[in-house]
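For reference, chains read A, B, C, D, E, F, G, H, I, J, K and L in written order, and residue numbers begin at 1 within each chain.
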Amino acid sequence: MTKEILLLSGPNLDQLGTRSPEIYGPLTLVEHVDRFTKAAEDLGFGVRHLQSNFEGDLIEAVHAARGRSQAIVINAGALTHTSWGIADALAMFEGVKIEVHLSNPAAREPFRHVSTLASVVNGSIAGFGATSYSLALDAVHHLLGPQ
Amino acid sequence: MTKEILLLSGPNLDQLGTRSPEIYGPLTLVEHVDRFTKAAEDLGFGVRHLQSNFEGDLIEAVHAARGRSQAIVINAGALTHTSWGIADALAMFEGVKIEVHLSNPAAREPFRHVSTLASVVNGSIAGFGATSYSLALDAVHHLLGPQ
Amino acid sequence: MTKEILLLSGPNLDQLGTRSPEIYGPLTLVEHVDRFTKAAEDLGFGVRHLQSNFEGDLIEAVHAARGRSQAIVINAGALTHTSWGIADALAMFEGVKIEVHLSNPAAREPFRHVSTLASVVNGSIAGFGATSYSLALDAVHHLLGPQ
Amino acid sequence: MTKEILLLSGPNLDQLGTRSPEIYGPLTLVEHVDRFTKAAEDLGFGVRHLQSNFEGDLIEAVHAARGRSQAIVINAGALTHTSWGIADALAMFEGVKIEVHLSNPAAREPFRHVSTLASVVNGSIAGFGATSYSLALDAVHHLLGPQ
Amino acid sequence: MTKEILLLSGPNLDQLGTRSPEIYGPLTLVEHVDRFTKAAEDLGFGVRHLQSNFEGDLIEAVHAARGRSQAIVINAGALTHTSWGIADALAMFEGVKIEVHLSNPAAREPFRHVSTLASVVNGSIAGFGATSYSLALDAVHHLLGPQ
Amino acid sequence: MTKEILLLSGPNLDQLGTRSPEIYGPLTLVEHVDRFTKAAEDLGFGVRHLQSNFEGDLIEAVHAARGRSQAIVINAGALTHTSWGIADALAMFEGVKIEVHLSNPAAREPFRHVSTLASVVNGSIAGFGATSYSLALDAVHHLLGPQ
Amino acid sequence: MTKEILLLSGPNLDQLGTRSPEIYGPLTLVEHVDRFTKAAEDLGFGVRHLQSNFEGDLIEAVHAARGRSQAIVINAGALTHTSWGIADALAMFEGVKIEVHLSNPAAREPFRHVSTLASVVNGSIAGFGATSYSLALDAVHHLLGPQ
Amino acid sequence: MTKEILLLSGPNLDQLGTRSPEIYGPLTLVEHVDRFTKAAEDLGFGVRHLQSNFEGDLIEAVHAARGRSQAIVINAGALTHTSWGIADALAMFEGVKIEVHLSNPAAREPFRHVSTLASVVNGSIAGFGATSYSLALDAVHHLLGPQ
Amino acid sequence: MTKEILLLSGPNLDQLGTRSPEIYGPLTLVEHVDRFTKAAEDLGFGVRHLQSNFEGDLIEAVHAARGRSQAIVINAGALTHTSWGIADALAMFEGVKIEVHLSNPAAREPFRHVSTLASVVNGSIAGFGATSYSLALDAVHHLLGPQ
Amino acid sequence: MTKEILLLSGPNLDQLGTRSPEIYGPLTLVEHVDRFTKAAEDLGFGVRHLQSNFEGDLIEAVHAARGRSQAIVINAGALTHTSWGIADALAMFEGVKIEVHLSNPAAREPFRHVSTLASVVNGSIAGFGATSYSLALDAVHHLLGPQ
Amino acid sequence: MTKEILLLSGPNLDQLGTRSPEIYGPLTLVEHVDRFTKAAEDLGFGVRHLQSNFEGDLIEAVHAARGRSQAIVINAGALTHTSWGIADALAMFEGVKIEVHLSNPAAREPFRHVSTLASVVNGSIAGFGATSYSLALDAVHHLLGPQ
Amino acid sequence: MTKEILLLSGPNLDQLGTRSPEIYGPLTLVEHVDRFTKAAEDLGFGVRHLQSNFEGDLIEAVHAARGRSQAIVINAGALTHTSWGIADALAMFEGVKIEVHLSNPAAREPFRHVSTLASVVNGSIAGFGATSYSLALDAVHHLLGPQ
């Protein structure tokens, strides 16, 4: 049976491509997701994607992934730095969990230097632009094994 | 001409395989480096590796890479959290710079939550065990393009 | 006329029974609410319940309780530690307000040691598992008098 | 063409007039908005208004204003102190951005002394009750010039 | 055999009824203890009570309860915020341990916001005046089961 | 009788027009004061102005305004961040008190993020350049009513 | 009727005269108390004195002074810096309360720079050696008026 | 030869009697100084007094007292909390130095809890209203001996 | 003449053997004291021992040792972290002073990482279980020389 | 045309020679200035000097130097640690700016470890006594080139 | 087979005897090591010693001791306060680990109050001068049992 | 006999001329040292120079200078901010000690604002580029007197 990856995108990521392209790159979120999905399918994974500007939607998407998806790749945007609710939800999910960022938060404003998610994920990948997503896919592949 | 990756390993990494395998995994450093080197060669990269327990060695290895290597992949071990000297050296290196960790420092003791290197590298990858290195190689490959 | 208690449940509480039962106990949220409602009815109270993973829903439920409910019993989950919006809403509610927790936040991670709600409620009850809810009902009963 | 001002109101502001009138004054939000809209129309501006208790709604309203409104006047309520998501959204908006408060947060509880929005707006106005809104309108007028 | 509850009262609680009745209520300590004892006896518990203004007395009372009492209900007064000695003693007691406060310390001066006892008790109840004690009794009853 | 506004300008403001015009704008202090005075006179107010680089002068000007001026509009320059003496003086003044800044201190160096005056003024206006003064005048007008 | 002053001396003050005379002076506690008592009697006051190395004794002495003594002069020794219990007791005492120190705590180690008692006393006198006590007596005399 | 006391009054003290009389009492500064001077003369001291709202004046008055006055009694007002310049000046003065406050700064806002002067004076007296000055005079008298 | 060692044991140490033996070891306090006393007598020292759960008792025991005992070996239990009173008493004692702990406080909870006694003792020994006491005896022997 | 150096001396420096000569050396300020002026004249510079105990005077002297002096050498005394007003003034001055101290503030009290001026000057020289001034002159000479 | 103790000495310890003898005592490092070695041999232990001013040397010496030495006694000098690398190395060593200091760091500058090694050693001994080493040997002897 | 100056250069200084010339200037380290040496020889001093990227080398160079060199001029690079070992070594050196920086650390990142060396050197010179070294030489010359 095909294993499923849940790709989650937090606040303001729907504006990718139009938001500070010098920081986040020229691709739109649709383009990021398309690339990710195609590459995942090549590796035998299915992909579901949700972008939301609401913490509650992201929490519920994590709930829904329990017993259904094998991995979650999450870029929680600005909620990365304040949401203990997403962290609590991820802590309950038993599959692979990867935190991903396009930019390198540690090189930006101080409020971006802390992550509520960092201690509940398997690992994190930050600072490689669009490549961050393909590295996250590679990581899922490595951790779940070949499909 | 073959592009070269400098792989740097900081204090205590020479003990991999014998140190807390429940945290760092069962592979020795030699095995990590062999895997990394072979995979890199498959992609057309050369690899030089240095492990040292001395901050000065790591600084000088970075100096030596200027004008010679195209990328540095560094796991600075415990120096990650205190060495401004390695950070200053990396800031001078103009190629690709990637911080890598086998474990997820953000999920461990508080002193491991800060990195002096974070703001001078392109990006960081943490928490995937041996896979962290192969993701770092993928990242170099993406950032430097095909060889 | 029957007095009404608004029982509010914050993020991730809909996962009770499946989330860390060693911390939160084996009952589902439905079971908690059923027990609370039956015990409240025995005391002559009506109960409305809302669980939401959205801060906005909880704020609006507090607004709606103004002039309608006589008491609010709230377990705001992870929002306990960051939501000044719920605190502001509760501050406007003139009835009885009780903060309740299944686990004892003071014995867990540091971010759970602070509560934005603590200074606007009448009192708080924490650490007694399912019993926390029945104590909260007792407290409402004491504070509002017999129905 | 008429220039448009987006007036945004955050959590609990829908309760104005009934919430601590000794702090926030006797006017309801509808009355504040009506006054603001009429005065803006006299100056040749159109006004759209959104009140929401959900951070996500406010973020999306800012997104929608891009390329449509010339100015945003925002009273983010309690989200002023914690929402980096609204701050990120405002940072992308290229028009005039004004933070406004009815009360003077600096004279209240410590958590109200910091604003995540302060560094991304043009300026802020606080402490003048209903007059804060008319000053914000004046500021928009000055910054955008006569219509 | 009758189960015994040790009720402990810390510094200044012997002045209840005469100390800030607007905060602590009109009852004297004797009245609180009488009510608690009668209600406990109705549930089949015996009660021993100690009030002391000396940290050492409270520590020794906890020691004496080991192997004799099944539960401790403690209002440590101002020692709540500084006594690691009482906390260490409670940590050794294997029965039910409940922290109780008449007022809501979280809504008072900052030094009352921390409790050395919080992490060693089963749970805490605060802010309900005389009712705090009856809730604590309910909690003991729930946790120890019917007598 | 004409109501009087005291306009106070603190250290370095006498250099306006020549100091960092990219931050503070091209107008000199004399021009700011002239504009403010003319606009105030149109509204029926008299204006007195004092600029000083001495904290003591500003304190004494506030004293002198007691029983004479109806409003104080103050831009205390760098003293904004350290002078409790001006704050104490303003606290004694019973008329309208407005803190004004040309730039947005919250978007500059950390030492400019705190204001000793913030808790003793009616409100503050910051970040609108020359417009900040005209907004302050509008605020006085609103708060004192038509002359 | 003679008014009574309760003079309280905290931990280690019984060693005066033998403890660091270069800091605390050459007089023994008995000599300090004798001088204080005689001077008080000359002014028409009675004096009771208690020295104790136990926080509980000092708390109970304050309790006993309620309704009996008109003033408390207290040098709480090292408990000055940690005892919220004595502070709570003093807050209940309705007469004159004066904190006194032989040395100047603000010029010594950092832990001596904070006083839990400072906010509940009428005033404090520190740094004058034996004279601190006679100043405290003068202060009582001024505050209670001639006997 | 008559010994001289320099009495120094800092910012805003010239407003005594009109400033928050519920905190500072009903006497004007002139009345405080007259009382102090007369009582000092009765003890055989001369008094010079300076009130200034300028830190520089207070510093220079301390300089001028070197080699001329035998004691300085200083109420530095709000400069108490920030002026290292006055502290440096006092440190050079070799006579008796007493810090005095009408109110009890430790019971007011946090910024009043620190004194730059505390570690360079002989001692401090705070919280006794007008009596603070007469206690300071008593202290000078004790420390300098009978004239 | 026989030299005397005062062995002091603070709060909860009377429960040794029954308290967390995995941390503190299986010996009771009586056994620790017996071993210590016998070994000391072999070296020619006399031993007095006091265990108390009261800070005041420990302070007074230190006082009583002045001019009588040549050395104090103290395990102040939880008072180690908060008692400035014991520290002040020890500072007056002119003989050898040694702080001892069975466990290693630096490897436990943060509140155990600070010691009020550390700066007034000759040295400290921590973490060796029952051996800590015999090392302390060795240290006394070294510092006082052979008897 | 002769280039001019403005030499500025802050609070208490007029007392040099009489103030803590073990820290600041035996020379008076006049002697320091004379030496500096003569040496500067030998290098072809003119010197103006101002000492003031008033922050305002120092700010205005910096203003007056704009367009007139080529360099400012400033020892701001205790104002070094708190005056953002002098820092703002210096930031506007476009010539050479040098911070100088006779003693080494980093080796003294903590409040002397921070300098508001440090980030707006070209460089700083501290700890060399009278030589600090001659080094500052050398620095000016180097930076402005030969006259 | 003889058990081996590795004695490690960090930066600057090679200067013992010439460095601040009032703090560290008159013995040279060679003398300390000789005494330690002889006493150890009397107890049946072998001793290897390494002094280095390089963190890397100390780390590698710890590595080399794995599987060879039964105990490490380490005085890491100034590296005690910053080296997480030595701490990580010690954490891997499974034998007895003892931290030792000649002086009492807790009684010196604040930077000496923290130890990175404290939480990974069995215990620590500080403040007894040359005796610290002989106590450490005693501790090894106790912990490893007779040879 | 010729007096000797030890010139020490820490990590990364060997890259001068190629590292951020906009911050550190265009000269290589060899050029800096040559200039320094020639100028020193003109003044009659000998110069030894050591650059190292190893803390241990710098510590040992300081040791070697004891009894041989009369002055140390040190630019410790990034070790300035973390090395207590170099500070301890310098504290033992009895000659002249000068801290020197090419750039002005106080105007750069926060981690560069603290110096472990500051309190053990005679003085420091920062921010003058190549001139910093010649000022340091002047300082040595002044402090040691003419050769």
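Going forward, a residue touches a chain if its C-beta (ideal position, glycine included) is under 8 Å from a C-beta of that chain, and two chains touch if they have at least 3 such contacts.
Only a predicted model underlies this, so the values are computations on that prediction, with no experimental measurement involved.
Graph distance from subunit B to subunit H, where chains that touch are one step apart, equals 3.
Spacing of subunit B relative to subunit G, judged by their CA centroids, is 64 angstrom. One simple way to say how far apart two chains are is to compare their mean CA positions; for subunit A and subunit I this gives 55 Å. Here the CA centre of subunit B is 47 Å from the CA centre of subunit D. Each of the following residues of subunit I touches two or more other chains: 54-56, 82. Here, these are the chain pairs in contact: A-B, A-C, A-D, B-K, B-L, C-D, C-E, D-F, E-G, E-I, F-H, F-J, G-H, G-I, H-J, I-K, J-L, K-L. The touching residues of subunit F, when paired with subunit J in their complex, are 10-12, 14-15, 18-20, 52-57, 77-79, 81-82, 111. Those residues of subunit F that touch subunit H in the shared complex are 54-56, 59-60, 63, 66, 82-85, 87-89, 91-92, 116.
Touching subunit C in their complex are the following residues of subunit E: 104, 106-107, 115, 118-128, 131-132, 134-135, 138-139, 142-143.
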